[in-house]
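Paired with chain B in one complex and with chain C in the other, chain A is shared by the two complexes that follow.
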Partner chain A sequence: MSIIGQSVPRLDALGKVTGQAQYPGDISLPNQAYLKILFAGRPHAVIRSIDTSQAEALPGVIAVFTAKDMPVNEYGLIMPDQPVLCGPGSAKPYTDHVRFEGDQVALVVAESEEIATRGRDLIRVVYEDLPILSDPVQAMQPESPRLHPERDSNVFCHYRIRKGDVEAAFAAADVIIEGEYRTPYQEHAFLQPEAGVSYMDEQGRVTVIVAGQWTHEDQEQIAHALGLPLEQVRVIYPAIGGAFGGREDMSVQIVLALAAWRLAQRGTPRPVKIVWSREESIVGHHKRHPYLIRAKWGARRDGKLLAAQMELIADAGGYAYTSTKVLGNATLMCTGPYEIPNVMVDSYAVYTNNVVTGAFRGFGGPQAAFAAETQINRLAQALGLDPVEIRLKNALQEGSLLSVGTPLPKGVSITQVIEQARAASLKWAAEPPPGAPSLRRGVGYAAAFKNVGFSFGAPEQCTAAVTLYGGREIERAVVAHAGADCGQGAHTVMAQMAAEALHLPLERIEMVVSDTAQTSNSGSASASRLTFMAGNSIKGACEQALQKWQAEERPAAATYQYRPPKTTPYDPQTGRAEPNFAYGYVAQAVLLDVDVETGRIFLRQVICADDVGRAVNPQQVQGQIEGAVVQASGYAILENFITQDGRIRTDKLSTYLIPTILDTPEQVESLILEYADPIGPWGARGMGEMPFLPLTPAIIAAVHEATGVWFHEFPLTPERVLRALKP
Partner chain B sequence: MIRNTHPTLPEFEYIRPQSVGEACDFLTRHAADARPFLGGTDVFVRMRDGVLNPKYLVDVKALPGMQEIRFDPQSGLTIGAAVNMNRVIAAAETREHYPLLADACRSVASYQLRSRATVVGNICNASPAGDTLGACLAFNGVLHIQSSQGVRQELLSNFFRGPGKTTLQTGEIAAALFLPLPHAGSQGVYIKLGRNKLSDLSLVGVTALGYPDPGAPSGYRFRLILASVAPTPLIAKQAEDCLAAQPVTPASIQEAARLASEACAPIDDVRGSARYRKQMVKNLSARALTSVWEKLNRRGQNDISSD
Partner chain C sequence: MTFHQINLTVNGEAEQVVVASNVTLMRMLRENLALTGVKNGCSAGECGACTVLMNGEPVNSCMVLAVECEGAEIITVEGLAKDHQLDPLQSALINEGGVQCGFCTPGVLMSARALLNRNPQPGEDQIREALVGNLCRCTGYTRIVEGIQAAAAISAAGGRP
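Moving on, here comes the complex of A and B:
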């Protein structure tokens, strides 16, 4: 029997349930020192001076590091626009500028966390405050001061799509729907705040044990900032307490490396440990981008879409992070999983002094889907059409051209997921429960598509190494893979795929994971790519190792790099591109009640039809669907991240609430559909993000059905709902 | 600015006195840097956040009588200060005679927290959002306060002076809460509106209690107490009087709810606006009073049918 498709227990289950699993904060090394970071705590300023003398004089303080200790004081996944430490003394200009509250200014290493904290508070920094730009639309204006003085604008990315003739199409349309949509921040709120330990390993490498999403990218960022060759930096991931995109950028990685490396240089090598508090985590790492989306869609009376014109403005905060990539996705997905003959999109990523924004499950998809799906739901209403029928009429098919002028890769299943979500929802009762006269019931539908893997020409590959040991038969197979298991079960799925490819029982698979000294570059645990990419790399490595085994090599070892079909970037004028090599497709139906006396929404039922290609481990797939739905319900209804003049006002989990178990939908029905991806391993597609995308617009549609009000912004807090019901 | 400095608690000295006298003495001698604590569910969080930085935490849970819950059919219920909320909820006497208090306790945080949190601690913390304060006020609760001078009794309606402020003096320890026997036929409801369904502080909390009273023109007395809409728990006196003075009807309940909304003075904060809170006081007061009224009527019918 194939082990693909079996819900085998997770390799990490026992350790996590019993508390044996070591997360970064659990790891302590002999003689370790403690690191505390001084954050800027202000949105925009120039640092005139930093006086560390009092901190250094405090007994128990071992060292204080500032910008002048940073060999190459810059980092950034897409462009190195952020100083590792803000302050004077770097060769690079403008690294003395603070551009958001969470910028890091100084590091204190001490004998204890208490002392490090006291030392931090003794550092005297002279700031010259600058005007705060907190509105991205204002920041776009040419006369606005520039956050990065070396650039000529705060707009650092602009994509254009020009397909057909939208003006002519609007003139021919029977109905036109326009909307201005705003989406909120979202905090990742992973269970485990940032933490880690650094030390010099036995081979003299600066080593950082930390939770991240891409060991080799962390390694590169550290090596770049420290001015070291890659092989002198080592990154190891132990158990990771959730990520959701929030660990893609650097948080404690570089500063931990710097501290251990500088202490060693001073002849006093010691391990260095840091654990961020929740407040440090909320201020210190990026959020999901708020978007302003202006939409204008035209359709024929029969529901056929004729044109879509979109403008997207993403608030990037002080630095780029992955904003350009997030914007690329949103630009493609803002016209929905529909074939529209005439499309015009202009999208912008803009620097502001707000908290930085970047990767978060869905990666631009949720914002785009909210606008696109609300547009099509409103079109259906305006035309008196069924919201499912109008989708089926326009859904992308095999061979359909995307807005960027090229067809999708084969295996398009948006029609199937929409039909199945609808069919499963027909059993729902039309009336709210009796005895609650203030409740109004509504049902809503939405659909979405999402890329699997890196897009728009970004280099994409994944490497696995497999070694087979034994004599006559294979006794043990060691699979070395860097891919990060952030809690989604990736390592278990990798082991299942290796067992399948090698025709071995799972017990004979031994995983060596997430250590740059022992594994090759896998790419990130993001973009719903790891099952797909790791699977193909493991499959290739296993096949080659088996060939060597058959050729009597003992042990038989093979390393295989999987490269998917090439993608291409947006054409700067027309947007024409071959954006992605694979997609996942998803549709949802939601049933909810709105209490018109309090504005509260009770999310009763969610049906999620998700084409995952092949569910390698169905239980984990179901967990991803349910987790994404709960996280998206928080985004849509509850999570209210508040900033004011660039300052975060919700820096605790008591002020920024995420759904508790009692706030989850009463039922989430996962319809796991398996229409094979032609190039996916065993047909598997990625699926980690897809169930997040349609939920908000489906909820918006259901609230409309319940109350007659269309919401153009969320979260749908009781207060916002009530205000709209009773102006 | 990130204020909190500790993923965990800062250092402090843990004091566990053996007698009330010893505890009061210690608290008096270290007035500036000692705090008594019960469950610690508020104190620990504030210490972690750097808001409180006491040198000594004085654990008064082991003092005589603090762990007792005692019901006297002639007078009422005495809840020792260290009795946690889960014990209050589980006690047969609470369920039978003071179910409103059990409901209010159930709305506090999570089960785990309620294994530490105490009703008396909730009272001494004097947060306007305190979920159990309304029920204790509705039952005319009395706090037993010990000091080196002996025991004094304080009506809860006189105890709260502002957010976190009470009449408790340095060296005094709240030892127990006494709830007199409820009026015959009492029915109560607590409605908590939080942003989520578990663990949030109340945006608005409405405690309503009603009982038959032949002395009142309407034949009933109501208590209506509001959380999170004033510096202290707010007794909506005009609303209470309104329902005593005229027949209880949907219209008079709406009138009482409107009076309650007018009486409160909420603030804007990250959890909600003052405007929304006022609206919610009106809607939820109406809902709570209606629910109590229905319970009172149902009970009346049951009595008749059982005769």
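Moving on, here comes the complex of A and C:
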């Protein structure tokens, strides 16, 4: 029997239920010192001077590091636009500028965390505050001061799509719907705050044990900032306490490496440990981007979409992080999974002094889907059409052209997921439960597509190594893979795929994971790519190792690099592109009641029809769907991240509320569909992000059906709902 | 800062620990006794990852001072399995898929153990009520609830209480 499709228990579960699994903050090394970071705590300023003398004089303080100690004082996943430490003394200009509250200014290494904290508070920094740019629309204006003075604008990315003639199409349309939509921040709130330890390993490598999403990218960014060759930096991931995109960019990695490396240079090598508090975590890492989206869509009387014109403005905060890539996705997905003959999109990523923004499950897709799906739901209402019928009439098919002028890769299933979500929802009762006269019931539908893997010409590959040991038969197979298991179950699924490819029982697979010294570059655990990419790399490595085994090599070892079909970037004028090599498709139906007296929304039922291609481990797939739906329900109705003049007002889990066990939908029904992806391993597509995308617009549609009000902004907190119901 | 000698029982073992008066139970367990299964998610009593049993009651160990634990009996996640036999809650959480990143898992297990100790056959509402202080960002909670229901069923069928 194939092990693909079996819900085998996770390899890491025993360690996690017994408390033996070690996360970065659980690891202590002999003679370790403690690191504390001085954050800027102000949104925009120039640092005139930093006086560390009092801190250095404090007994127990071992060292204080500032900008002048950074060999190459810059980093960034997409572009190196952020100083590692803000302050005077770097060769690179403008690294003395602070551009958001979470900018890091100085590092104190001490005998204990308490002493490091006291030392941090003794550092005297002279800031010259600058005007705070907290509104992206204002920051876009040519006369606005520039956050990065070397650039000629705060707009650092602009994509254009030009397909057909939208003006002519609007003139021919029977109905036009316009809307201005705003999406909120979202904080990842993974349960494990950032932490790690660093040391010089036995081979003299600066070694950082940390939780991240891409070991080899962390290694590259550390090496760049320290001015070291790659092979002198080592990154290891132990157990990772959630990520959701929030560990894609650097947090403690570079500063940990710097501290251990500088201490060794001084002849006093010591391991260094850091653990961020929850408040440091919330201020110190990026959020999901707020978007302003202006939409104008036109359709024929029968519901056929004729044209869509979209403008997207993403608030990137002080630095780029992955904003350009997130914007790329949003630009493609803002016209929905529909074939629209005439499209015009202009999208912008803009620097502001707000908290930085970047990757978060869905990666631009949720913002885009909110606008696109609300537009089509409103068109259906304006035309008196069924919201499912209007979708089926316009859904992308095999060979349909995207807004960027090229067809989707084969294996398009958006029609199937919509039909199955609808069919499963027909059993729902039309009336709210009796005895609650203030409840109003509504049903809503939405659909989405989401890329699998890196997009728009970004280099994409994944490498696996497999070694087979034994004599007559294979006694054990060692699979070396860097891919990060952030909690999604990647390592278990990798082992299942290796067992299948080698025709071995799972017990004979041994995983060596997430250590740059022992594994090759896998790319990130993001973009719903790891099952797809790791699977193809492991399959290739297993096949080659088996050939060597049959040629009597003992042990039989093979390394295989998988490269997917190439993608291409947006054409700067027309936006024409081959954006992605694979997609996942998803549709959701939502049943809810709105209490019109209190404004509270009761999520009763969510049906999620998700084409995952092939569910390698159905239990883990179901866990991803249920987890994504609850995280998305938080985004839609509960999570309210507040900033004011560039300052974060919700830096605690008591002020930034995420769903508890009493805040979930009453039932989440997972319809796991398996329309194989022609190039996916055993047909698998990616699926970790897809169930997040349609939930907000489906809720918005259901609330409209219940109350008659369209919301253009969320979260739908009771206050917001009530204000709209009782103007 | 004053220091205190505390005598207490942790996972069935008598322990004597010297701690400063401002040290929390969470920190004492993690740092003095190396019980790092007790997780620190917020240090403010908001996430529940540090939940342990104190004299049979679930507490956020970040909100209890170590000096309050003189004579107390503490059970952490490390003390759930006995004689290499997993608690039914542990095996049920594995089997039902209630573990993803696992950082909330120790606290979830301790809140659930306290619930089953006082109510061996809880309904879904009672399970959810008992776990309201344990945040999980990965699972959506459904598999956790089903795991606890399965553990209760195993115990009723004669598994370890």
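Keep this in mind: the second predicted complex is superposed on the first by the 727 of 727 C-alpha atoms of A that agree within 3 Å, B and C clash if a C-alpha of one lies under 4 Å from a C-alpha of the other, contacts with A are read in each partner's own complex, and residues count from 1 in each chain.
Just so we're on the same page, a residue touches a chain if its C-beta (ideal position, glycine included) is under 8 Å from a C-beta of that chain, and two chains touch if they have at least 3 such contacts.
Owing to the predicted nature of the structure, the values given are computational and were not obtained by experimental measurement.
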{"item": "Which superposed partner A:661 touches (first chain B, second chain C, both, neither)", "value": "both"}
{"item": "Partner chain in contact with A:41 - chain B first, chain C second, else both or neither", "value": "first"}
{"item": "Touching partner for A:10 - first (chain B), second (chain C), both, neither", "value": "second"}
{"item": "First (chain B), second (chain C), both or neither touched by A:396", "value": "neither"}
{"item": "Contacts of A:272 with chain B and chain C, given as first, second, both or neither", "value": "neither"}
{"item": "Partner chain(s) touched by A:193 [first = chain B, second = chain C, both, neither]", "value": "both"}
{"item": "Per-residue contact with chain A, leading partner among chain C and chain B", "value": "C"}
{"item": "Set intersection of chain A contacts, chain C complex versus chain B complex", "value": "25, 193, 275, 277-278, 654, 660-662"}
{"item": "Residues on chain A engaged by chain C in the complex (per definition of touch)", "value": "7, 9-10, 12-23, 25-26, 188-193, 239-244, 275, 277-278, 486-489, 619-620, 622-623, 626-631, 652-654, 658, 660-662, 664, 668"}
{"item": "Chain B partner contacts - residues on chain A that touch it in the complex", "value": "25, 39, 41-42, 101, 113-114, 117, 193, 275-280, 283, 597-598, 600, 638, 640, 642, 649-651, 654-655, 657, 659-663, 717-719, 722-723, 726"}
{"item": "Complex interface listing, chain B residues touching chain A", "value": "1-7, 10-11, 193, 195-201, 270-273, 276, 279-280, 283-284, 287"}
{"item": "Residues of chain C touching chain A in the complex", "value": "30, 35-44, 46-47, 49, 76-78, 80-81, 86, 90-91, 93-95, 97, 99-106, 109, 128-129, 131-145"}
